[in-house]
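These notes open a run of structures that come right after.
Both of the next two complexes hold chain A, though its partner changes from chain B to chain C.
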Partner chain A sequence: MKEVLISYNTIKETVAKLLNKEWNVITPSPDGIRYTAITSSDEINLAGDQRPTNISVKEFFFPKTDPVFYFKKNQSEVELIDAVLNDKKNLFLGIKPCDAAGIPVLDKIFNWDYKDEFFNSRVNNSVIIGLACSYSDPQCFCTSVNLSPDSTKGSDLFLIPVDNSGFRLQVITEKGSAFLKEFGALEETSGPAHPKNSTVPDKKFDYDKVKNWLDNNFQSDFWKGKGELCLGCAQCAFVCPVCHCFDIIDESCGYECGRRVKNWDACQFGLFTKHASGHNPRNDQSKRYRQRINHKFKYYDDKFGEILCTGCGRCSRDCVAGIDIGEILAEINTF
Partner chain B sequence: MDNIYKPFNVKIVDIIEETPDTRTFKLEIIDKLLKDNFTFKAGQFAEYSVYGEGECTFCIASSPTRLDYLECSFKEAGKVTTAMRKLNVGDTMGLRGPYGNYFPLEEMEGKNVLFIAGGIGLAPVRCVIWNVLDLKERFKDITIVYGARSVADLVYKNELESWKQMEGVKTIVTVDPGGETSDWKGEIGFVPAIVEKIAPSGDNTVAIICGPPIMIKYTFPVLEKLGFTEDNMITTLENRMKCGLGKCGRCNVGNVYVCKDGPVFTYKQIKLLPDEF
Partner chain C sequence: MPGLVEISKEILNNKQAAYIIGYEIDKHNRVKPFVAHNADEAERLTFNHHALNNLAVYLKRLPKPKEGKIGIVAKGCDIRAIVGLIQENQVNRDDLYIIGVNCSGVATDYDVEFNPENTQIKCKYCQLKTPAVYDVLIGESEEFPLPEDKMGDMMAKIEAMTPEEKFTFWSEQFEKCVKCYACRQVCPLCYCEQCIAEKSVPQWVETSSSVKGNFAWNIIRAFHLAGRCVGCNECERACPADIPLSLLNKKMGMTAKQEFDYSHGMAIDQPTLVGNYNLKDNQDFIK
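For the complex of A and B:
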């Protein structure tokens, strides 16, 4: 893997160049809530010890509300107008490994048969620079889902802090290499080994063991206790880097025009699977919670070979009802 | 940019009032090139748009042997279907599709076919019925068992009559106990009970079943007793679907997406699914 040393100042200069060329440059916001676009190179945030943002980076590739087309009515005729996507280039700088890893996971569902070009064009227009993570709290469990604080999955380039002023920059993909060629004048070098991350989260559970239990215990009473805690607010799905369920609805502006949009939705909502006849296959919260765990840790893996979770811990940190998904999986691990 | 969520436009050319709350729309694809190239297989569904109200999932109720028009039948039950009831001949709707898998017509050739349907569930079955009847020489005996809550709730009443007149086709219509009128000449009883009563043999026969989930659940054991094999009992799950493309997650049941791996499933496949449909 090609690797160079890069100083903080070089990164700042590169960002200033990109902003001048009308790129979006997106980093974790200092208040820790979400990723935001910056307007000056003074605002870059490369604090690897920051807690993961409340809201993941997913909203840049799979927005909360995404218009898919517009329509205009004229008597009984209807004209459809394509949604035009912003084709500005994006640099994502300082992305947590548990966020970057979500992009190849989402790629599976958005491209497994029909290709969702809304997702693809945004990914194609983006360069992802991941940042090794030195944060850990009881809700983190990236190491339990085949990831780690220095995982390069989903990143085009990857930064590992060396000391206060510099980083090792690893080139992960062709896209990353092309980006460096265009914007960096860097020397290939070998430098000192980077310090081991002392805050690597311990493994909370053995995934294979958990999956095996899920394969065989759909009807277990275990779900009844867990589901009752859940309020069905779906925050867990919304903050997650890889949850991707959505609704498609029409919004009218008056009688004659409007648009069709994809909106975030979640299997935790009571109406998610309700038929028009009134029949609801998942008619209580326990069944809905069971679906969440089974979809993320069994069905998606069975179908696409990816765990639908990056162990970022966001859902646990922000659950109003205090449900900790890592603790639930650790409990399953004991069976 | 190839937009998988964008429909093409269709015009309503005829509306048939089937029951007080059910209608059939006859639709024509507006773009001539699209219309000439459009094709589908029996069992597939589409997403029908009422622009401004939303999209709704229905099977394509007409047969793929008759491609001048596409038909869908729907019951007024929610937001989009209520809006559909307000549409008139000449209005424009949208359509995305065809999606999903289909009934294995080729494998059914040379066999007897037993159609079992309940209520609005006759719509997807009707597609296969006409597909089979249009190619009648390829199949053996054809039996149709159809039931609804009451006489007023029976759909495709004219077609039920024409099937009754057809040679080589045995048609039995039933209504739930209490749903009969004073001059009702058909059967009275729930569909699974009527199937048990007429007791068709499972030997070299394929059963196509669609109706309310509870009707399907009670019909399978009856057919098993009559000797139908698990591969020869085929149903279509009309789950709540949205994108139709295996992305939005709404129809995910176990390891399958009903919109991609279904909606047509054999009893053998249904038994492998978690009880969530």
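For the complex of A and C:
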């Protein structure tokens, strides 16, 4: 793997250059709520010790509301108008490893039986620069889902802070290499090996063991009452970097026109599985919770060979009822 | 809190309550909701400055016990929600065993130290440090220093805005909404069996996260809570996008107080604001 040394100032200058060329540059907002596009290179945020933003980077690749097409009534005919794909180039700078890792996981579902051109064009137009993470709290568990604070999965380039001198920049993909050639004024160096990360989250569970239990215990009593305190707000899914369920709905803009959109949906809503007849196969919160765990740690792996979780801990950190997914998996680990 | 575990065990042993909704501390020192079904589980019950949740929300969500009452640990703001639910005929007073807790303030989040800077602003407006309704009361209420009133400052700032400026302010706030409806789910007074946001024929509220849909949702919810919100601020705490929902609710509450001298959840036998008509009501809005 190619590694170069890069100073903070070089990054800043490169960002200024990109902003002049009308690129979107996206970094974590300092208020910690979400990733935002910046307008000046002074706003770049490369604080690896910042808590993961409330809302993950997912919304840039799979927005909460995503128009598929528009329709218009012309006398007796209905005209369909394609949604215009934005072809602006995006640089994602300082992305948490647990956010970047979500992109290839989402790629599996959005390129399964149907190729989602909206998702793909956004990914193709983006360069992801991950940043090694030095934040850890009791809700973090990237190390339990085969990731780590310096895993480069999903990143094209990866930054590791080195003392105060800047960063070691690792080139991960062809795209990252091409980006560097185009914009980087960098020379290869043989600097010191990067310091060991001192804030690696504890391993909470053994994934293979959990998966094995899930394979055989759909009907287990363990699930009974598991959702008792869950309020069904589904915030867990909305802040998750890899939850991807959506609803398709037609919306009118009056009598003559409208649009078809994909809107985020979530399995913790009672309405999610409610049939038109009124019957609901997942008729209580515990069944919905079982679905959430199984989809993440069994079904997705069975189907795509990926865990539908990056261990970012957002769902547990933000849960108003204090439900901690890491603890629930740790409990399963003991069976 | 002294006495909480002992009293809870006694209540459960005597079958005065089928279960008790309270708080426990998890292994990461986080205080979170917990239901004790028996005396052994009651050992885990606790209460402190980090008992943030308004547990009244569970009264309408947990299954009704076949026998016995629902026990609930309640601080002042939770009591207002419980009384509000009784006033609105959603919960029967006789079905509850209320363990009232004297409250000395709560922190803004579960992982911050309790100090004046990290005290919830709602505590400044609290009218019930000692619950007004209970079956048993525990703990002592202690004086505690109050935080700066950032909410009051913000309210004054918004009051001074022109309608266009207000619209811009709220457009920017609602732009952040991801339509997760967590505000609704944590709200003890949001108990509609079918929420208007879930009706699709016709679609009253756009499910899209667009300015129109976001405005429709947040304003409808504020209107539904006008004169009903008890100010527990759980919606704001739950919001992943940090929308200052308490400003809307507070404004509605202030109007109810000013125009009708009404605060919700203060007395069980008081008729509700929207369910009651009085000839002396202010009518100068009819032009």
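Convention: the second predicted complex is superposed on the first by the 332 of 335 C-alpha atoms of A that agree within 3 Å, B and C clash if a C-alpha of one lies under 4 Å from a C-alpha of the other, contacts with A are read in each partner's own complex, and residues count from 1 in each chain.
One rule holds in what follows: a contact is a pair of C-beta atoms (placed from the backbone, for glycine too) under 8 Å apart; a residue touches a chain by one contact, two chains touch by 3 or more.
Source: prediction; values computed, not measured.
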- [ ] State whether chain B and chain C clash or fit side by side on chain A once the two structures are superposed.
- [x] fit
Open item on the list: To make sure I follow: the centres are taken over C-alpha atoms, the vertex is chain A, the ends are chain B and chain C. What is that angle to the nearest 10 degrees?
Closed with: 90
TODO: With the two complexes superposed on chain A, say which partner A:80 touches: chain B (first), chain C (second), both, or neither.
DONE: first
- [ ] Specify the partner with more touching residues on chain A, choosing between chain B and chain C.
- [x] B
Open item on the list: Applying the document's definition of touch, where does A:116 land relative to chain B and chain C: first, second, both, or neither?
Closed with: first
Open item on the list: For A:71 in the superposed arrangement: first (chain B), second (chain C), both or neither?
Closed with: first
TODO: Check whether A:287 is in contact with chain B, with chain C, with both or with neither, and answer first, second, both or neither.
DONE: first
Task: Touching partner for A:295 - first (chain B), second (chain C), both, neither - done: first
Open item on the list: Just to be sure I read the superposition right, which of the two partners does A:273 touch: chain B = first, chain C = second, or both, or neither?
Closed with: first
Task: Touched partner set for A:54, first chain B, second chain C, both or neither - done: second
TODO: Return first, second, both or neither, reflecting whether A:247 touches chain B, chain C, both chains, or no partner chain.
DONE: both
Open item on the list: According to the stated criteria, A:234 is in contact with first (chain B), second (chain C), both, or neither; which is it?
Closed with: second
- [ ] Considering only C-alpha atoms, give the closest distance between chain B and chain C in the superposition, rounded to the nearest Å.
- [x] 5
TODO: Under the contact definition given at the top, report the residues of chain A touching chain B in one complex and chain C in the other.
DONE: 247, 249
- [ ] Within their complex, state which residues of chain A touch chain B.
- [x] 68-69, 71, 73, 76-78, 80, 82-83, 85, 109-110, 112-117, 121, 218, 244-250, 252, 255, 258, 260, 262, 265, 267, 272-277, 279, 281-282, 287, 291, 294-295, 298-299, 302-303
TODO: Under the touch definition given earlier, write down the residues of chain A that touch chain C in their complex.
DONE: 31, 33-34, 54-55, 59, 64-65, 137-139, 228-229, 231-235, 237-239, 247, 249, 251, 261, 263-264, 266, 269, 271, 318, 320-324, 327
TODO: Spell out the residues on chain B that touch chain A in their complex, using ranges where they run on.
DONE: 1-7, 9, 11, 49-55, 75, 77-78, 81, 90-92, 94, 212-213, 238-240, 242-243, 245-250, 252-255, 260, 274, 276-277
Open item on the list: Could you list, by residue number, the parts of chain C that touch chain A in their complex?
Closed with: 26-28, 30-35, 53, 57-58, 61-62, 110-111, 176, 178-182, 184-186, 198, 200, 203, 206-210, 234, 237-238, 240-242
